[in-house]
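Labels run A, B and C following the written order; every chain starts at residue 1.
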């Protein structure tokens, strides 16, 4: 009799509705230290600690552009205390190109907290002063306008492809080994323009000019830069960042992680720092995840098909 | 930059450089495979592999021809225990495969002890076993403390640690 | 679970929008010198150099790994101190790599590859302690030259970084590849094949240009490609322990001379080769400025230049002190040189700089010429701290060198083999925290042992892996841009810098043939010990 009573009490106490977090959380970043994912995590760390009293411990697990960590995600502990940074378009694009060790649906994103909008950048002393100048130049000289960007079949490349299609021009995309070499290329006037992110304009300051940004509204830290939409080109998007959990994590816990990040993401100081840096803060919680991912998958597969990306 | 930078002694026998020829043939095959695989690639992506393959094949063929014609004293065989060499390779191979299965440091500790046995030429007594074994525990343990405890490096856990 | 040590409160990251132009007076620099010499910063510099040197000296552990693993440690420090710590570790590790290169023939880091050419032969004939002392002096001198360039000439020199576009990088890589073949004297074909094999390994994975997934056998394991450090460790260290285990002989058959540091002798050699040291340091600084080119290329170019202009070029490769002087001063000069584009342009000059740049960004430091004026206190304190750390390498290096030398001999082989094996495992793992790197390291190690047994040296292979991506990307990017501008020929051959480098490459190819012809006439009776 007593035993069953104890058992019942224990069962109630052990129910998964325990508050999150109950211990320090391992935050796995699938890239090398110093990238945007890392910076975001570092900004989230102190806020997480203030709000929950527990630590966010950042661990790096770089490899294969993130695929190494994502392919291991579902083997990690599924109690909500191991989370991994997730990125778009990577997690949709990578499995489309071959066997990377995971499929998009294997991953369980629970919250997307910001995106860095695609942007066209030119050297500050370029003769192309507005987006119109650039499109005109491209129309008069098909193929002659060179854009640098980070990698092939990457976010920059996708944006370039969509831009060409929407603006009705033909330009040349020159892939570089990362954002840094891509930026060096326009600083050194090796190429005419660059398809990068708004964050580049922020870090390079007055050495580059941002001609247009792929967000719904103008960025608060760059009020003079028009959006593509204003110019009649429906290009909105960029690199999204969020967190995900292993598949085996129970539903309630997923929601708890999502809520925790939602709370971090509404911290006014964080929002200001993000905006100053060229990031656009968004809140896509777990409840809206299905719809959000479906839309992104559709967008990205369309462009990918245009580019001929397919599994061999 | 000399090729033969090994420390252990070598006995030089006046034979053809058989090993070199075999390897050169393998490189030719590698080059051919590269060209074959590059058929699936885009134009930009295929340029380099094809060029490298072409150079590799040419040089390897030239090597085969030259080694075949020159009866040079190149076939150096290494002396020393082949058994121990193979044992080391096998142990390390298993070790590397077990890293994620047993855990980084667990498998390293076991491999350390196994390699102690393979590398020891001076015979075993109780004192030596403790000393060397202790050294192994010290080395692996210290790295565990530094990398996992201090630096939060995510080492594979596997079954153990 | 312990988080990173917090020596100071984590600063709130800021993105300053404007730089205030300020004139820089040399007198103004005095407070920064004093700040760099504060007990805390001095302590960090010393600790960094010691840790870096030890890590670099251990075969299997590399400078890139050291910086990658220790960077999170510095997030809790204030920016200048964190930078000093990282800079000290970095320069110490580059220097420390010479120890394992000289004593064990396993370069600790790609920058030390060229040091094995003459360092290891010197150790084998009993001049190991002299080689280590030479490496110490050369590293200090090279590091100081690089830091001085960083201090006084950063903004103009960063323009050099920008002047290098895809065609320049392509020709630079070709130059590097011709150097490899020129250095494989007597073994030209095997050297070329090795370089091609390295180039092939570099193509495995997802291509930057074209996006194809190449040679991955459709496995996720090969998708990430071959990591340079894993390849370096595997190709050099694994063959060494495989052969160590095979015989009971002691590792280095050297006379146990306790000639001490042979400092006087080394200093005299340095004085005599002062031009070589200066030239190599400048080469190292300039190559370090080029983003993407690192100490490996710098030391290679410096070595080749030293050999070309020497009175007895044929001595290079058999234990010529000038060879060690050239490579070690060049690779430490890349530390200072590499910081120039990192700080001025926000573009990493060398691979460890990429990690350090990340640390800077996390600290909220905005790179750019404004850094020198707007946040000058951080930058100047850091540069002076780097100078201090470089000077500290002299006593630290000599002391560690003496003990390293004794240790290699004193440790029983039974313990040495598993220890080195363990270091290779953890050293290849910890660069990216990726267990696949360990598997790659080992696989290449076994392949490297087989290849080395039959005359295919590891150096061309590793250099091929490093230069491959630079050559390929440079070529394809130049092609795309040139085609877009309808100026393909002009792109590749019409630019002054790339034309100069291409000419150097041609000279390098042709020169050994000339030397060989002259040499044959001179030494027709001397039999070369290694003939392909």
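Just so it is clear, a residue touches a chain if its C-beta (ideal position, glycine included) is under 8 Å from a C-beta of that chain, and two chains touch if they have at least 3 such contacts.
These numbers were taken from a predicted model, which means no experiment stands behind them.
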Winner on C-beta contact pairs when A-C is weighed against A-B: A-C
Maximum centroid distance from chain C, chain identifier (CA atoms): A
Inter-centroid spacing, chain C versus chain B (mean Cα positions, whole Å): 23
Length of the line joining the C-alpha centres of chain A and chain C, rounded to whole Å: 33
Between chain A and chain B, centroid-to-centroid distance (C-alpha), Å: 39
Per-residue overlap in chain C, given as positions that touch at least 2 other chains: 1, 3, 72, 207, 209-211, 433, 480
Residues of chain A touching at least two other chains: 57-61, 312
Junction residues of chain B - those touching two or more other chains: 40, 152-154
In the complex with chain C, residue positions of chain B that touch it: 1-9, 17, 19-20, 22-24, 27, 30, 34, 37-38, 40-49, 52-53, 55-56, 59-60, 62-63, 66, 72, 74, 76, 78-82, 84-85, 87-89, 92-93, 95-97, 99-100, 104, 108, 111-113, 115-116, 118-122, 132, 135-136, 139-140, 143, 147, 149-156
Residue numbers on chain C that touch chain B, as the complex places them: 1-4, 69-70, 72-73, 105, 116-117, 120-121, 124, 183-187, 189-193, 196-197, 199-200, 203, 207, 209-212, 214-215, 238-249, 251-253, 317, 412-419, 421-422, 425-426, 429-430, 433, 435, 438-439, 442, 446, 450-457, 459-460, 468, 471-472, 475-476, 479-480, 530-532
Residue numbers on chain C that touch chain A, as the complex places them: 1, 3, 10, 12-15, 17, 19, 68, 71-72, 75, 161-166, 205-211, 213, 216, 218-220, 223-224, 291-292, 341, 345-348, 354-355, 357-362, 366-368, 370, 432-434, 436-437, 469, 473, 477, 480-481, 483-486
Chain A residues touching chain B - in the complex, by the definition given at the top: 26, 28, 57-61, 312
Residues of chain A that touch chain C when the two form their complex: 24, 32-35, 38-39, 42-43, 46, 55, 57-65, 67-68, 71, 97-101, 143-146, 151-154, 157, 172-177, 180-181, 183-185, 187-191, 202-205, 207, 269, 273, 276-277, 309, 312
